[in-house]
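Both complexes shown next keep chain A, but they swap its partner, so chain B is in the first and chain C is in the second.
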Partner chain A sequence: MPEWTRERTWELLLAVILVGTVVYNASRSPVYLDVDNFVNLFRLSIEKVIVAVIMTFVIVNGEIDLSVASVMAFSACVLGAAYEAGVPFPLAIVLALVASAAAGFLQGQVIARTGISSLVVTLAGLIGFRGAARILLEDRSVGAFPEWFTDLGREDLLGPLPFALVLFLVFVVVAGVVLHRTAFGRGVFVIGDNADVARYSGIAVARTKVVLFTTSALVAGVAGVLFAARLGSVRANIAEGFELDIITMVLLGGVSIFGGSGTMLGVALAIGIVLNLRNGLGLANVEANTQTGVIGALLIVSVLVQNLLDRLPLRRREAEA
Partner chain B sequence: MVRAHKLLAVLTCLALAAAACGDDDDSTSTDDDSGSEAGGAGEAVTIEGGDSMSSILLPKCTGIAVFDQANEGAQEAAEELGADAPEFLGPSTCEDPTGQIETMTNAATQGVDAVMISNNAGEQIQSGVDAATDSDVAVVSWDSPIPSGEGESLFVAQVDFDETGVVMADMALEIMGEDGGQFAVLSASPDAANQNAWIAALEEALTDEKYANLELVDTVYGNDDADESYNQALALVDSNPDIELIMAPTTVGIAAAGKAMTDEGLCDRVKVSGLGLPDEMREYTESGCAPQFALWSFVDLGYLTYYATYGIATGQMEAAEGQTFTAGRMGEYTIEKDPTRDSGLRVVMGPFTVYTVDNIDE
Partner chain C sequence: MSTPAAPLWIRPERIKELSLVGVIAVALVIFGFLVDDYYSGQFFNRITTSVVITAVLAVAQTMVVVTRNIDLSVGSIVGVSAYLTGQYAAAHPDASPVLAVGLALGIGALLGAVNGLLVAYGRVPAIIVTLGTLAIYRSWLVSHAEARTITADSLPSWVVDLPTRTVVSVGSLDVRAVFFVVVVIVALLAAGMQRLRWGRRLYAIGSNPEAAAQAGLPTRRLVFGAFVACGALSGLAGFLFLARFGTITVVAGQGLELDSVAAAVVGGVSVLGGSGTLVGALLGAVLIDVLDQSLVRVPQVSEFWRNAILGALILAAVIADVAIGRRFRRRWSAEARPHTKVTEDEPADPAPALEASDA
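For the complex of A and B:
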C-alpha cells in the first residue's frame, strides 16, 4: 500500500486533470482519439519530453539547468558542422554527444567545486552554448542528412506502437527506477533536501552533481540529434526557449523548485497533460499564444494548489526510504 | 518621375477593382463560362462558389501586418464564395519553425480540405506536408513556397522572383547613383525560401554591367523580429562603415532599419530600401531616409490564394501547367511551371508598386 503523502495527493490530482483533458479533447474534436494523432502527439514533442525527465533529477537535487535548450542546439550544430566538414555521419553523431556531455561536465564541475549557484552557471551556459552553436554554423542551415537518419526522425511506429511513445515510456520507467529505487536516487533526494546533512552522511555530493549535469547535457545532446532527425536540417537557433517548456512540465509534475521532493510519476502525468492540452487546443484551432497562456495559467494554479497541500497535515515522501 | 506616374495608374486600376481597366478579356466575362465547371488543364475555368471548404491559412507567424492583410483578403474571398471562413493559425514567433510543422500536422489529423501556407520552415516543413497530402489535404503555398515542390499543389507567387531581384537592383541604383558604392542586405530568417530566392535574384541581377558599381558586401538576418532586425541594422553599419544602403526584402526588416538609421542620425550616410508597407514606411520616406521601396498588395495575395485553393480543393480545376482560371475581382491567371524551383507549379500575381514620397499617400 502506498503511503498517503503530499506527492500521492498531487499525483491523483494530475491523473484527474489528465483524464479530464482527454475527455474534453475527445468531446471537442472527433479526430483526437485517432491513432495517428496519438503518434503525432509524442513525436512532435519527444525532444522536450526526454529532457524534462532528466531535469526532474536536477530539480529534485535542488539545482536547475537552464542550458538544456542551448546544449540541444549546440549538439545539433556540432553534428551539422562535422557532417559538413566530411566526417562520416555516425562519427558526427558521436562527436555531438561527446561535445554535449563535455559541456555538462564542465558546468557540473564549476557548480560542484565553486559552490556558485547552478542558476548562474547554467544561465552562462544558456548564453555560451547558444553562442558556440552560432559560431559553428553562423546563419547557415545544414541539411541533406543520410536518409536512414531522417527516416528515424519521421518513424511513426515501432511494430504496432508509436516510436516516440515507446522511447518516452522506456526512458521514464528507467529514470523512475533510478530515482526512486536506487542508492543514487536516494542520494539525489537527500542532497536536494539538505546538502549539509547529505555530506555528513557520507553522500558524494560533488560527484552526484557532476554526474547529474553531465547526464542532463548528454540527454539534451540526444534530444538535439533527434530534433535534427525530425527536422531534416539544423540551424543555430533551433530549440530556442525550450528550457522554459521543459521546466514547466517538471514543476507541474509536483517537483519542488527548492529540491528534495517530487516523483517521476508526477512528471510523467504532467508531460501527458501538457502534450494533450496543446494538441487538443491545436485541433480546436486555438492560436499558439492562447495555448501558451492556458499552460501558464495551469502552472500558476498548480503551484498554488501545491502550496495549499503543503499546509495540510500530509507527510512528505522523502527519499523513498 | 515617369515611372511613378505609371505606377499611379496601376494603383488606380487596382483601386477600381479592375472592372474598367483590368485585362480586357477576363473579369467582365462571368456570363459565358457555362460548362467549364469541371474543366481540365488548359480549359479556362471561372471559379464559383457553392461548395463547402474547410481550410487553414498558415502565415509564417502571427502579429505581422502583411499576414493580417493576407488574411483579410482570404476572408473576403471565402465570403464571396460562400465557403467556411478560413482559420488563421500560426506560430507566435517567426523564429521557431516547429510551430508551422505542428499546425500542418494537426491539419492533417483534422482532415481539413486545404492548408494555405507561407512557408517559414524551409525543407523542414516536408514531414508536415507529407502528412497533409497523405490525408488528402490540398496544400497551396503563398508568399513563400515549399522548396521541393513535393506535396504542394500550387505556389501563389506575389511577383516573379527574378523580377524582385531586378526591382531591388534598380532601387539601389537610383538611390546610390551611377557612381554606386557598397550596400548590404538585411533579410528575415535564413530558412525563408522567398527571401533567399530574392537575394539570389538580386545577386544575379547585379552581374549585369549596368549595376557594375554596386557592391553587395554582407547579408544578415533579423528573423522578422523588430528588435533583432533593429540591432542587426546597426551592427551592419558598424561592421561595414562604407555601406550607403541597407536593402531589406522584408517589411519587418525595412521598417526596423528605417527606425535604426533615423534614431542614430545615420540617414545622411546610409539609406534604406527594400520591400515595405507604406503605412509603416511613410515617416522614413518623407524624411528621405527611405527614398523608395516596393511592395505588392497582400490583401490581393490572400484573396487570389483563397480562390486558387478553392478551385483546386473543390475539383473545379486541376493544378496543372497551362490551367487558366478566373479569380473573382482579380481576373484571369494561368498556372505555369515555377522556373525558380526544380519542380513545382506557380501562379504569379504581380504587379510591383514602387513607393516614393510622391505616391506613398495614395
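For the complex of A and C:
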C-alpha cells in the first residue's frame, strides 16, 4: 500500500472535478457524450496537450519554458518556408524538427552553462523564435500541403481513434514511466527539489537541463508540425498565447512551480479537465475569449487552493503541539 | 585582471547604464549609415513621442521585478485603461483632463492591486497570477467592448492633440510635453528607488526575501505596493496609448508586457530581483524604440526582423551581465562591506549554478 501523500489527495480531487465537469456538460448538451465529440476534444488540442506533458518535466525540474508556443510557430514556419522553396515534404518535416531541437538545445545550453534563470532565457526565446518565424514567412501564409499530411490531422487511425489521440495516450504513458520509474526521472525530481544537493550527489545537472530543454522544443516542434497538418496552412502568428493553457494544465495537475514535486497522472487528469471545460463552454456557446478568461482564473485558483491545502495540516499540527 | 581598484561610485549598475548608452550610440551610428537622412529633427520627435509608452511600462515592470516578482499583465492593463478612459472621455468631452488621467491611473492601480493581493497575501507566484490576469483582464475587455472601437474623432481634441503638444523647441527638435512629463516622473521614481526608504526596501526584498522578512520589513505590504504602483503606471501608459493612437480596439496593448520585460532586462534589471535601476530600464526602452523606429526605414531588412533582434538582444544583455558580474562582483561587495547600508549588488544567490557542469 503506497503512502497516502499530498499528491494522491490532489489527484483524487482532480478526478472528482473531472467527473463533475463531464457529468455537468453531459446534462447540458445532448451531443456531449458522443464519441465524435470526445475524439474531437483531443484532436483539436493535441498540440497543447503533448507540450503540456513535456512541460511537466521542465517544471518538476524547477525551470519553466515560455518559448514553446513560439517554437511551435517557428517549426511550422520552417516547414512552410522549406516546402515553399521546393524541398521535398518529408525532408521539410525533418528540417522543422531539427530546427526546433536546435532552438531548445541553444536555450538549454545558455541556462545550464551560465545559470541565467530559464524565465529570462525562454522569454528571449518566446520573442526571438516568433521573430525567426516572422523572418521566414513575413506576413504570408503557406498551404497546399500534400494530402497525406493534411489527412494526418483529420483521418482516423485505429477505428474511431485519430492519430492525435493515439499519439497522446502513448506519449503520456511513456512520459509517466520515464518520470516516475527511471533514474533519469528521479534525477529530474532531485534537481527540482535542490539543484545543489543533486550536483553533490553526482547527478549530471547541466546535461539533464540541456536534454529537457532540447526535448521540450522538439516536442513543441512536433506540435507545430501537427498544427500545420490540422490547419492545412501556416502563418507566423499561429499558436500565439498557447503558453497559458499549457502551463495551466501542468500546474492544475499539482506540479509545484518551484520544482521537485508533481505527478504525470495529475497532469493527465488536469488535461482532461481543461479540455472538457473548454469543450463544455464551447457547446454552451461561451465565446473562445471568455473561455480564455476562465482558464486564466482556473490557473490562479488551482495554485491558490493548493497553497491553502498545504497550510491546513500545518495549522492542525501546530494546534496539537 | 589587474585593473586598479574601482572606486565605489563606479557601481555595476553605472557600468551597465554606460554600456547601454554606448550600445544605443552604436545603433544610431549604424542606422545612420544604412538610412539616408537618418539624423533629422523629425526622427528625434518621432522617437520621443513613441518611447514614452515603452518607457513608462519598463519603469513599472522594474519596480515589480526588483522585488523578485514579474508582471505579465501590463499589456492587458494598458488595453483596459486605454479603452475605458477613451470611453469616458468620449462620453464626457467637457470633463477635466485631470479626471481622465486620474481615471486611467485608478483603473491601473485597481488591476495592479488584484495582482498584488494574490501575490503578496495569496502567496501565489507572480508569474502564475499575472499570466492568469493577462488572460482575465483581456477577456473582460473583449466582452465589455462587444466589438466596438474607440475612434479618434469621438475623443475631445485635447486628448488627440496631446502627443504633438510641445514644451520647447530647439531648432527642429521639439521637446514634447508627454516626453517631458514622463522624464520627470521617471526621475522622481528613480530618485525614490535609490534614496528613499521604500525604494531601498524593495531592493532588499528582491535580494533576499527571507532576510528582509527576518529584519522586520513589511514585505507583503511592500510587494503589494509595488504591484499597485506597476498597475498605476501601466494605467498611465494606457492613457498615453489612447492619446497617441486615438483608435482603440480590444487588442490595444497586446504584447506590451513582453516589451516591458525586454526593456527592463536589456536595461540591466535582474529577474532574480534586488538589482537594476529605473534609469537602466528607461535606456532599455529607448534602445528598443530606436530599433522599432529605425528598422522600418532600413531597406536591407524589414520590420519582420524586429522580434528576432529583440530576442537576441535580451540574450546578449543577460549573458553580458553574467560576464561582467563574475569579474567585478567580488571586488564591489568587498569594498561595500564596511558600510552597513543595504547594497543592491549583493549576489542574490552565491551562484553555484555558474559552475554548473557535469561531474
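Convention: the second predicted complex is superposed on the first by the 307 of 321 C-alpha atoms of A that agree within 3 Å, B and C clash if a C-alpha of one lies under 4 Å from a C-alpha of the other, contacts with A are read in each partner's own complex, and residues count from 1 in each chain.
The rule is simple: a residue touches a chain if its C-beta (ideal position, glycine included) is under 8 Å from a C-beta of that chain, and two chains touch if they have at least 3 such contacts.
Predicted, not measured: the structure shown is a model, and the values here were computed from it.
When the shared chain is aligned, no partner comes close enough to touch A:102: not chain B, not chain C. When chain A is checked against chain B and against chain C, the one touching more of its residues turns out to be C. When both complexes are overlaid on chain A, the residue A:152 reaches neither chain B nor chain C. Of the two partner chains placed by the overlay, neither chain B nor chain C lies in contact with A:87. In the superposition on chain A, contact of A:29 is made with chain B only, not with chain C.
Of the two partner chains placed by the overlay, only chain C lies in contact with A:135; chain B stays clear of it. Looking at the shared chain after the overlay, A:287 reaches both chain B and chain C. Comparing the two complexes, residues 139, 241, 287, 289, 292 of chain A contact chain B in one case and chain C in the other. Only residues 64, 110, 112-117, 119-121, 123-132, 134-135, 138-139, 195-196, 199, 202-207, 236, 241, 243-244, 247, 251, 257-258, 287, 289-290, 292-297, 299-300, 303-304, 307 of chain A touch chain C when the two sit together in their complex. Of all residues in chain B, only 56, 62, 87, 89-92, 95-99, 101-103, 105-106, 108-111, 121-124, 126-127, 131, 190-191, 220-221, 223 touch chain A in the complex they form. Residues 70, 118, 122-125, 127-129, 131-136, 138-140, 142-143, 258, 261-262, 265, 271-272, 302, 304-312, 314-315, 318-319, 322, 351-354, 356-359 of chain C touch chain A in their complex. Taken in their complex, chain A has these residues touching chain B: 29, 31, 34, 36-37, 40, 44, 139-141, 143, 153-154, 230-233, 235, 237-238, 240-241, 279, 282-283, 285, 287-289, 292.
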